[in-house]
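Common to both upcoming complexes is subunit A, partnered first by subunit B, then by subunit C.
Our next item is the complex of A and B:
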């Protein structure tokens, strides 16, 4: 605790006084061309190194039209940014993954503890300081990274997020906390554009959207042509046995987006633990089992191949009474890893779901190609998911 | 205001052709590495004095250019507002808050030779890089040499420099113009 107080004092003493936009000499809350031009001339004349204030002014002029940026984040909180982001802490892997798509990882100074477990997917962050997790944050480590901005969940784990925010406000009120859910398909494009604007990565965001949006719109358009009463019934099971998903959860939305009819769509709890008898009664045509954590912590980028997923698959087939399910009888049971369904890579998982649900409609779609292109072009990873890792079975 | 445009009207077609083609030949494009910034020099002889238009293109983001012109040369004008230019003796400072392209003119009398040296500062990245030197030299009425020299490890080092003003193509062009004119006279 003493260490934390010393750190806090050091921050207070070292923090520059926030006084609006740099080089806004007439205080009209805009850095004009003349204001920046004369600052540049003065710098050229004195031959001094470019000060951080001057490069900030140039950055704000270039990326934010010389004015502060007003952002309303996913928690519906409006923040006015008067300085660019220089030191960023990302509390979750989806944010980190998205920042990589935007070529913005050079700003990262702190990552979630879980990132250190993802040595294959996040090799460049294995030495980046860990700041714990949303559920068990290491505030001392977080403050030691000297962030100016923290990105944290917008709609999930609200209590934990709020506790972190309150502590940060006490420790260093100048740290800006922004909330994003960079894993939810329905808001992902908007969030990517917003984050890109904050970080001055609009060009990178456009390039990524040119890749992402056709994938999503192809699924959406083809599914739209299937009448609701002809859609396949789906039992989705999360990492733990009989824990399903219902409205209010991201997995329910994903099943529906891919054209499935969730058999537990009327559950009131977004993550209901369902009665095994109910599954037998509702007779799903498709079963989707997610692995990657909890009781099914197998597969993903760290595993050498998809063999780890086979026992999970076989255990589903052997569940009591499941031989009566149409899904089992027709070979429509699939295992998928949350790395490609519950994260910023959700569009890859959605391609798999859509193809499994309606193979005829998606015969020309090859999710593995999408996965490879994403890793190569946007994640800058030399990783072949065709031969490595465990993402889907069969 | 027009920059880098030094054509001279004339009633004699052959003279116009020669002037235009000479301008073409003495226009040297130098492509910088990493595609930014690129630089062009155009030279022209007007009423006994030489005028050079130096263009630096594709400045990405707010930028500053510092140029030192050699003795005997004078800064004339640029495409920037006056508030974004500062000149003191041989030193010219140019601010480009919006980046983009910069053109500025310098002039000299017949005998002046020398080297324009400069540097480029990108205020988004705080990177400062030397610009390749521009060597200006000419003789009595004929352009002898405009060249750029490499700046070693500079990111914006010049890949290629050009030599004398007239080439085989130029000679062929002039001969054909002369032949055509002669036929018309006959």
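Our next item is the complex of A and C:
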């Protein structure tokens, strides 16, 4: 407790006074070229080292046209930023992954506890301080990282997020909390653009979008040409046995985006635990099993090869009565890891789904190539998913 | 020689008072046997209904035809065979066995500990199982059947550890009903706290899994598990019935039991051991289904009194009927989904228990 109080005092004393834009001498809420120019000349005259305020003013002038940046985040909260981000805490892996795509990882001062478990995918963050998780945050560790900005979920785990925000407001109101999911396909491009604007990484965002959007639009356009009544029926199973997905869940949206017709689209809750008999009755043409957590905590980047996914696949084939399913009879059962379906890499998983659902329409698409290019160009990882990791089977 | 309740009444007596007592005893005995027959009929009826309920859309006729075809060895529809024999029948039978087992555990526990609140759930045995399962869920590696095997083994082992803990503490302080109840409560709080501690550090997915496990569910039954629990019951129920005289004596207090020649401490310890094996065998597969073990014996006691010779089987039949009824509801309320049966047992048992509690005038405890 004493440690926390000392930290807080130190933090409050060291915190810059947040009073509008730096070097906005006429207080018109804009750093004009004259204001910036005279500040730079004055600095040159005095021969002082460049102050952080001056470099912030130059940064704002360059990236935000000299005005504060107004952002409406995914939680529909509007926040006005008057200083650039220097020290950023990311509460989840998807945010961290996106920041890497934007070449912005030098700002990261704190990461989620789970990031330390992903030693193959986040090797450079293994020594970065952990701030716990959204559900079990370590507030002392968070404050100790002295962040000026925190990125946290926008639409999920609202209670936990709110509790963290309230604590942060009490501990240090100058810390800016921004809400972004950065894993949902329907808002991902919009979120990436906003994050890039906040961090001054518009160029990197454009390069990434030039890669991401053609992947998604190819899937969308080709699927749109398939009449609804000709779409394949799909049983999607999450990490735990018989736990499916329905409207309101990201996985339902992904199945439908890839052209599947979810057999449990009428379920009353987003993650229903379904009756095994219902699967036999509804006779799905495709079965998709997701692994990566819960009962099926196998595969992913840490897996030395795809062998861990094989027993999962075989256990599906051996389920009671499943030999009567068209999916089994036609060899349309697939296992996929949540690393490439439930995260910022969802576009890779969506390519796999679309190709599994309609192999003829996507014969020219090679998801493994997309995966390799993404890892090499945007994640800056020397990792070959063809020979390492367990992502899909078969 | 041990004086056994009821034996004196069966000695032929030429006096009119003796004949009257014999008639009352016989009438009482016949009533209990009729009640037992009625409960067996009710249970069979519920089992028949249960086998026809499900999301597969099979009509009762189709289910019947599947049975007949299988019995005659003729060609069967693979779809209906998979549904009836692969998914429903073992679940239904497991549910009945689990309800029977949990109820007799509660009845015997309440008898030997002379406490109406005693049950595997209230005395920490279920908490220990939940902790064992939680360790496996949070720390477990592996998948599918192996992961499940880890959960089952852990739950079983911790259930036995909890009983051993209760036994050792009670042995040190004297093997009385009071010390065992207090030791049980201690164990319950200890394991509940340890489970909460684990949950605090667990991921959201693991927490979800732990919570689901503690709901109690029949969704993961298999023929192997059904045979396992049936085997445990086949060996343990006759033993408990054989000991029912001694448990009757214990229920009257240790002094009376010792006066009647019953080795109170030894009987209590042995019965606890048998109960814990039955409980462990059931809840390691289902998760914690707590309500049956507490309420089924009370319902039985309200109906037939406290004579363990009848209370054990009748509690068992009521428990089996309650769990089978709850399972029917759990598979019928939501389309294509199954509500964990542990939730439904309370919904189905409380109204029945409440009705009897308010209406039955006799002093049953």
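Assume the second predicted complex is superposed on the first by the 394 of 394 C-alpha atoms of A that agree within 3 Å, B and C clash if a C-alpha of one lies under 4 Å from a C-alpha of the other, contacts with A are read in each partner's own complex, and residues count from 1 in each chain.
We take it that a residue touches a chain if its C-beta (ideal position, glycine included) is under 8 Å from a C-beta of that chain, and two chains touch if they have at least 3 such contacts.
It should be emphasised that the depicted structure is a prediction, and the values quoted were computed from it without experimental measurement.
Engineer: Give one word, clash or fit, describing how subunit B and subunit C relate on subunit A after superposing.
Structural biologist: Partners fit side by side after overlay.
Engineer: In the superposed arrangement, which partner chain does A:61 touch: subunit B (first), subunit C (second), both, or neither?
Structural biologist: In the superposition, A:61 touches subunit B alone.
Engineer: For A:33, is the partner it touches subunit B (first), subunit C (second), both, or none of the two (neither)?
Structural biologist: In the superposition, A:33 touches subunit B alone.
Engineer: On the A-aligned overlay, A:312 touches which partner chain: subunit B = first, subunit C = second, or both, or neither?
Structural biologist: Touch status of A:312: second partner only.
Engineer: Using the superposition described at the top, determine whether subunit B or subunit C touches more residues of subunit A.
Structural biologist: Counting residues of subunit A touched by each partner, the higher count goes to C.
Engineer: Report for A:296: first if it touches subunit B alone, second if subunit C alone, otherwise both or neither.
Structural biologist: second
Engineer: If we overlay the two complexes on their shared chain A, which of subunit B and subunit C does A:135 touch? Say first, second, both or neither.
Structural biologist: Touch status of A:135: second partner only.
Engineer: Using the touch definition from the top, say if A:272 reaches subunit B (first), subunit C (second), both or neither.
Structural biologist: second
Engineer: Rounded to the nearest Å, state the minimum C-alpha distance from subunit B to subunit C in the superposed three-chain model.
Structural biologist: Nearest C-alpha pair, subunit B versus subunit C: 40 Å apart.
Engineer: Once bound in the complex, which stretches of subunit B touch subunit A?
Structural biologist: Contact set of subunit B toward subunit A: 61-66, 81, 83-84, 86, 93, 95-99, 121, 123-126, 128.
Engineer: Quick check on the complex: what are the subunit A residues that touch subunit C?
Structural biologist: Checking each residue of subunit A against subunit C gives 114, 133, 135-136, 157, 239-242, 264, 266-268, 272-278, 280-282, 291, 293-298, 308, 311-312, 315, 320-321, 323-324.
Engineer: Contact residues on subunit C for subunit A in the complex?
Structural biologist: Residues 54-57, 78-79, 82-83, 86-88, 141, 143-145, 147-148, 200-201, 203-209, 212, 219-220, 331, 334-338 of subunit C touch subunit A in their complex.
Engineer: Which part of subunit A faces subunit B closely enough to touch in the complex?
Structural biologist: Where subunit A meets subunit B, its residues are 33-34, 36-38, 40-41, 43-45, 49-50, 54-55, 57-59, 61-62.
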